[in-house]
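Some notes on the structure that comes next.
For clarity, chains are labelled A, B, C and D in written order, and residue numbers in each chain start from 1.
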Amino acid sequence: MSNKGLFGFKPDRSNYPEIDKDGKAILDLSSQKYTKLWLGPNHPGVTGNMAVELTISGDEVVEARTHVGYLHRGFEKLIERRLFVQGFPTSIRMCVAEPDTNEYLIAQCTEELSGYADKVPEMAVWLRTLVLELARLQGLLRGVPGQAGTFSLGIGVQWGVYLRDLILDRFEELTGARVYHMYIIPGGVRGLLPAGFKKRLEENLKEIDDFIVRIHQLMFNNSVFKKRSVGVGVIPKEWIDQYGIVGTTARASGVKRDVRKDNPYLVYDQLDFDPPTATDGDIYARTFVRWQELIQTVDLIRQIMAKMPAKGDIRAKMPNVLHWRIPKGETYVRLESGRGEYGMYYVTDGSDKPRRINLRGPSYTHGIALLERMLVNANIADVHAIMVSLQVCPPEIER
Amino acid sequence: MKAIVQEITEKYNLQNAVFQRDNMAFVEVEKKFAIDLVTFLKDYHQFSHFVMMSCVDWIEDGQFQLLYLLHNPALKVDIGIKTYLNRTEPVMQSAHHLWKQIWTYQREIKEAFGIDFPGSPNVDENFVLEGWTEIPHMRRDFDTAAYSEKTYFPREGRFTHDPATYMREKLYPNQPVTAKKNTNE
Amino acid sequence: MSIYLKLGATLLGFLIVLNWGMLMSAIFRKIVARLAGRHGIPFYQPWIDLLKNIGIRTTLTHGVMFYLGPIFRFTGALGMFLFMPALFGSDLWANFSFQGDIVLILYFQLFGMLGMALGAGEGGHPHSTIGITRGLAQHAAIELPLTLGIIALAIQYQTLSLNEIIAAQQGGMANWSIFTNPVAGAAILLAALGAMGHSPFNLVKAPNEIPIGPPTEYHSTYLGVLMSSGAVLHVMEAALFMNLLFGGATSWPEFILKTFLIYFYSVFVGAVFPRFRIEQSVVWFFKIPLALGILAILLISF
Amino acid sequence: MNDKINEMLQRSAQNANQSEKSFIRPEDEEREVIAPDGSTIKINPIYDYFSGKKPQEEKPLNGVVEKFLNWARAESIWVLGFGTGCGSIEIPPLMTPRFDAYRFGVQMRATPRQSNAFIISGYLSVKTLKRVIRSYEQMPSPKYVLALGSCTINGGMYYDSYSTINRLDKYIPVDVYIAGCMPRPEALLAGFMKLKELIKEGKAEKANEYARNFDEYKANQKKIIKDWNMPDYNW
C-alpha cells in the first residue's frame, strides 16, 4: 500500500491468515471469514480466457489459484501428425498476441536441425528482424496503455489499438494478412518490401512518436496512476531466478535479461540498442520499462530500415517440402518476445514429421507460479493490474 | 562450457554429450542421478535460470525422455539434461524444491504423459483438461484424429487431401508417377 | 393555482429531466468517444437501450427485495426531483420545495442507494455484494464533506430551504455562494466528484474486477428502471449543486446549461484519471474535502 | 514397429471403455436432505446449476409491437465480453477508433444477464464449452450467437484436435457464422449487419429453437462434457 503517513493505514496481516507448521495458510471456508471469488473465464478483468480462483478476506486476497486450459487446442499433438510445412501455419496460432515469434522459432528450429541455418540469405534475415520488431511494436502498443486501462483509464488503450491497426496495415501490405502472417518460412521469407512501404511505415512511426509523448503525459505524470501502481505488485530481485522470470518483468526488477543481447540472433548484434531497466520491480516500473522499450523498438525499426540491404535473395534453395525429412536431432531456440524469453524445444526423429515440439512461453511461469505468489495479500482491485503487468497470455500457457 | 560438460561427464559418467550449438549442449544421464546433476549445475555452476522441462515419448524404445533445460545467465550457455524412464511405470523424482515454477511443468507432464512425480504440489490436479477419461493425451499411442472423429460430430462434406498426391494430380496430371526420393538424404 | 395544474407541471418537468438525463448520458459517452478519437454512439442510443431492455422476454427474480431494489432507486430519484425547486421564481416548476427540503433531498440521495443495496444483495452475486460494500463505504466518505459544506451554507443563509438559498444568490454572479463562500463551495464541489460516480471514484461498478458491481444480476425491465432513475439522479445531483452554489436557474435553458456544465466538470475530470482503490478514495475524501468542510463550518460560525 | 503401436492403440481403446469414471463430487450428487423445518426434500445440484429443466419457449408478441421491439433490439446489441478463443484479439479493434462498432449500437457488457449477443470467437475447447453453455443459458431471451472463424463451422485447422469441438451448432444454436481464420473486423461488422437484418425480419428466434430442441442439445452436450461440477463457492 502506497499511502502511509497521517491518514495511511497498513493492516497487520503478518499472522493473518494463520499459518500451519508446513507454511501453508489455514483457510477454513466454513468459518465465513473467507470468501471464494472466481475471476474468469468470463470476466473482463482477466487477460484472456483463464480463471483465477481467489480466496479473499475483506478486500485482500489470502490465496490464489490459477486455472488454465480453456484455450487448450493440443498444438503439440497436432503438429506431431503434420508435415514440417503443414505444422507451420498451425503453430503460429499458438500465441495470438505476437504470432510472428512462433513463425521465427519454428523456421529457425527446422533450419537448424536440417542444416540450413547458415544458408538463409542476408536480406531474409533483415526482413525477419523487421517483422519481429514490428510484432513487438504492435504488442507494446496494446500493452503499455493497457496497464492504464486496468485502472479504467481507457483513452490510452483506444489510441494504442488504433495505432496498432496502422501497424497491422503495414503487415497486411507486406504479408497479405492482418494477424496471422505466415511470412517467415523455413529458408527465408515470403516476399520483399512493397514499393513505398518505407515511406508509409515512417509516417506511422511518426504518429507513434507523437503517441509515445502523449501516453507519457497521460500515464506517468498522473497522480492517480502513480498511486495505484507505485509499490504495488513488487517483484524482489531474488525472485527472478527462483521463478524463472524473464523479459521486461525481470528488467524492471533490475536484472538485465534480454535474449537479443545475451544470445544475439538474426542481426541484433549489428543494431545499436540498450535494453531499458529499472530497479523498483513494481507495476509502475514495469510499465515504464515497457514504455521505454516502445521508444527503443521504434528506434530499432528505423535502424533496420536504414541498414537493410536494398535487394537480395529472400529464400534459400530448400528441399521439396512435401518430401522433406529431417534427420534425428533436437534443439532449443529462443528469442526475446515482447513478454520475455520465448523458446521452442524441437525434436525430430528422421521422419517427415516432427517428433515433439514444446513451447516455452514466459506466461507459463509468470501466469501460474509467480501470479499465485504475487496475488497473496494483494487487493482485489489490483488483481487485474498485476495480471496485465505480468503480460499473462493464456494461449501460450496451455497451447 | 566445454570444461563444464567435461567435468560433469567425468563426475556423472555421462554418455552422448552433444553440442547442438557452441553455447548449447545436451547430455544424457541415468535417471537416479538426474536431479543430482541438476542441483549440482544449479549450485556449483550458476545455472540459475530454469528454462523448461519437457518430455518426449519414444514409444518404439518403450521409454519416456525427460529434459531439464538450464541456462547460465553469466556465461550465457544452456545445458539440456536428458534422462530416460521406463514407459510402463513412469515415476520420476520431483524437483519442485529447486525452482518454484517446476511444479507447474510436473503437473502438466503428469497429465499429458502420465509420469508421476511423488511429492510435487498439486501434481494430481487437472491442468488443461477437464473430465478426461482417455489415456494421457500426449502419448504417441493416443490417436487424436480418431478421438475427434468419434466425439465431435465432424461436419459432413469436409475432406482432407494428401498434399503430395493432390498437387501432383492438379499440377502435373499427365506426368507418370516417379517415386522421387528425399533430396535431403 | 389548482393542484392538478401543479401535478401536471411536475410530471412534465419530470419527463423533461428524464429525457435530459438520457441525452446527457449519451453526450457523456459521445465526449469520451471523441477524446478517444471515435465517432461514438448515436445520441439516441440510451432511448433504444431502454426500449430494448423493456422488450427483453425473460425476466427472472431472486425474491421480493430484488424487485424492490430498482423501485427504491427510482423512488430516490423521484423524491429528489419532487423536493428540488427546478426553476427559481416559478410557482409551476418549483415542485414541492418547502422549508427544510435540503434534508429531504440528502435523504433521498441515500435512499435509492440503500434500496439498491438490499435488492442487489438478494441477487446473491458476490460482485453485487462487493460493489455494495464499496459503494456504501465511499458514500459515507462523500456525505461527510458534502453535508458539512451544505450546513455551512445553511448557516450562512440562516435557512434550510433551497428556495431561500437560491433567492439569496440572485442579482448577479457575484452573489453566488461559490463566490460568497468559496471554502464551502470547494468542499461541495470536490464531494460532487464522488457523488457523480465517475472515475476516479467509480470503483463501485469497476468493470475490470467486479463487472457492473451492484446491478450485476439486474436485467430487462429492472435494468430499464435503473437506467432511467440513473439519468434522473445525475440531473438532480447537478441541479442540487446548481441551486446551492451557482444561483439556481430561472428558465429551462438556463437549467439545462448549468446542469450540463456541472455534470461535465465531473466527466472531464474522470476522462483523464484512472480510478482510486476504495480505501484510497475514502482517504482522499477524508483529507482535503473534509478539511475544507470543517474549515467552512469554522469560518462561518466564528 | 507399427504393429506395436496398433497393439497399444487397441489396448488404450479397451482401457477407455472400462474407465467410465464419475466426476460428480459427493456434495453435488442427487440426494435427500432435511430442510431446517424438518421436512425431507430432494435436491439435485447439477441439475439446478446447469438448468436441466427445459427452458420455456417465449412467443413473440403480435404484429406491430413485436416489429417495433425488434427494431429496438436490432439497434441495441449488447455483446457479452467473453473472449473464448483467439478471435477475441479482433474485438479491441472493433470497439476502437478504426472500426468503432458503437456507431451501430453494438456495445460490450460484462455480465451475461445484461447481454443479448454472444460472440464465440473461434475454437472452443470442451472446458470452455461448458462455461459457454452456462453463460448462454443465463442470458435472457431473445439472445443471439455469432460464431467466428472456420473453427466453429467445421473445426477449421483443429478438426483433428482432441480438445476442441468441430461444430458449434450441435451444442448451441447459431444465428450468424462469420467465416475466416481469423475474421477481420470488417467481417465482424458485416456479421452484425446480417444479424440486425435477421432480427428486424423476426428470424432471429434461436433462443426458442434452443428451448424446442432442448433435449437434443443437452444430449450432445452431455456426450462430450463429462465433468459437470461447478466451481466451489462458499457464499
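Definition applied: a residue touches a chain if its C-beta (ideal position, glycine included) is under 8 Å from a C-beta of that chain, and two chains touch if they have at least 3 such contacts.
The structure displayed is predicted, hence computed values, not measured ones.
Peer 1: Farthest chain from chain A, comparing Cα centres?
Peer 2: Using the mean of the C-alpha atoms as each chain's centre, the farthest one from chain A is C.
Peer 1: Name whichever of B-D and A-D has more C-beta pairs touching across its two chains.
Peer 2: Ranking A-D and B-D by C-beta contacts puts A-D first.
Peer 1: State, to the nearest whole Å, the distance from the C-alpha centre of chain A to the C-alpha centre of chain D.
Peer 2: Distance between chain centres: 29 Å.
Peer 1: For chain B and chain C, what's the span in angstrom between their mean Cα positions?
Peer 2: Their C-alpha centroids are separated by 61 Å.
Peer 1: Could you state the distance in Å from the CA-based centre of chain B to that of chain D?
Peer 2: So the centroids are 35 Å from each other.
Peer 1: With chain centres defined as C-alpha means, what is the inter-centre distance between chain C and chain D in Å?
Peer 2: Their C-alpha centroids are separated by 38 Å.
Peer 1: Which positions in chain D touch two or more other chains at once?
Peer 2: Touching at least two other chains: 81, 96-97, 110, 127, 160-164, 233, 235.
Peer 1: Find every residue in chain C that makes contact with two or more other chains and list them.
Peer 2: Within chain C, residues 36-38, 126, 207, 211 contact more than one other chain.
Peer 1: Pull out every residue in chain A that's touching 2 or more other chains.
Peer 2: 35, 43-44, 69, 72, 74, 77-78, 81, 158-159, 162
Peer 1: Please list, in label order, each pair of chains that touches.
Peer 2: A-B, A-C, A-D, B-D, C-D
Peer 1: Contact residues on chain A for chain B in the complex?
Peer 2: It is residues 68-69, 72, 74, 76-78, 80-81, 83, 86, 112, 114, 241-244, 246, 257, 262-263, 319-320, 322-327, 329-332, 334, 341, 343, 345, 347, 355-356, 358, 360, 364-365, 368-370, 373, 398 of chain A that touch chain B.
Peer 1: Considering only the defined contacts, which chain D positions touch chain A in the complex?
Peer 2: Residues of chain D touching chain A: 80-86, 88-90, 92-93, 96-98, 108, 110, 112, 123, 125, 127-128, 131, 135, 157-158, 160-164, 181-182, 184, 231-235.
Peer 1: If we count contacts the way the header does, which residues on chain A are in touch with chain D in the complex?
Peer 2: The touching residues are 29-30, 32, 34-36, 38, 41-44, 48-49, 51, 53, 69-74, 77-78, 81, 89-90, 93, 96-97, 142, 157-159, 161-162, 164-165, 168, 178-180, 395.
Peer 1: Contact residues on chain D for chain B in the complex?
Peer 2: 1, 4-5, 8-9, 12, 15-16, 19-21, 23, 126-127, 130, 153-155, 159-167, 170, 220, 223-227
Peer 1: Any idea which chain C residues touch chain A in the complex?
Peer 2: 32, 35-38, 126, 130, 199-200, 202-203, 206-211, 271-280, 283, 286-287
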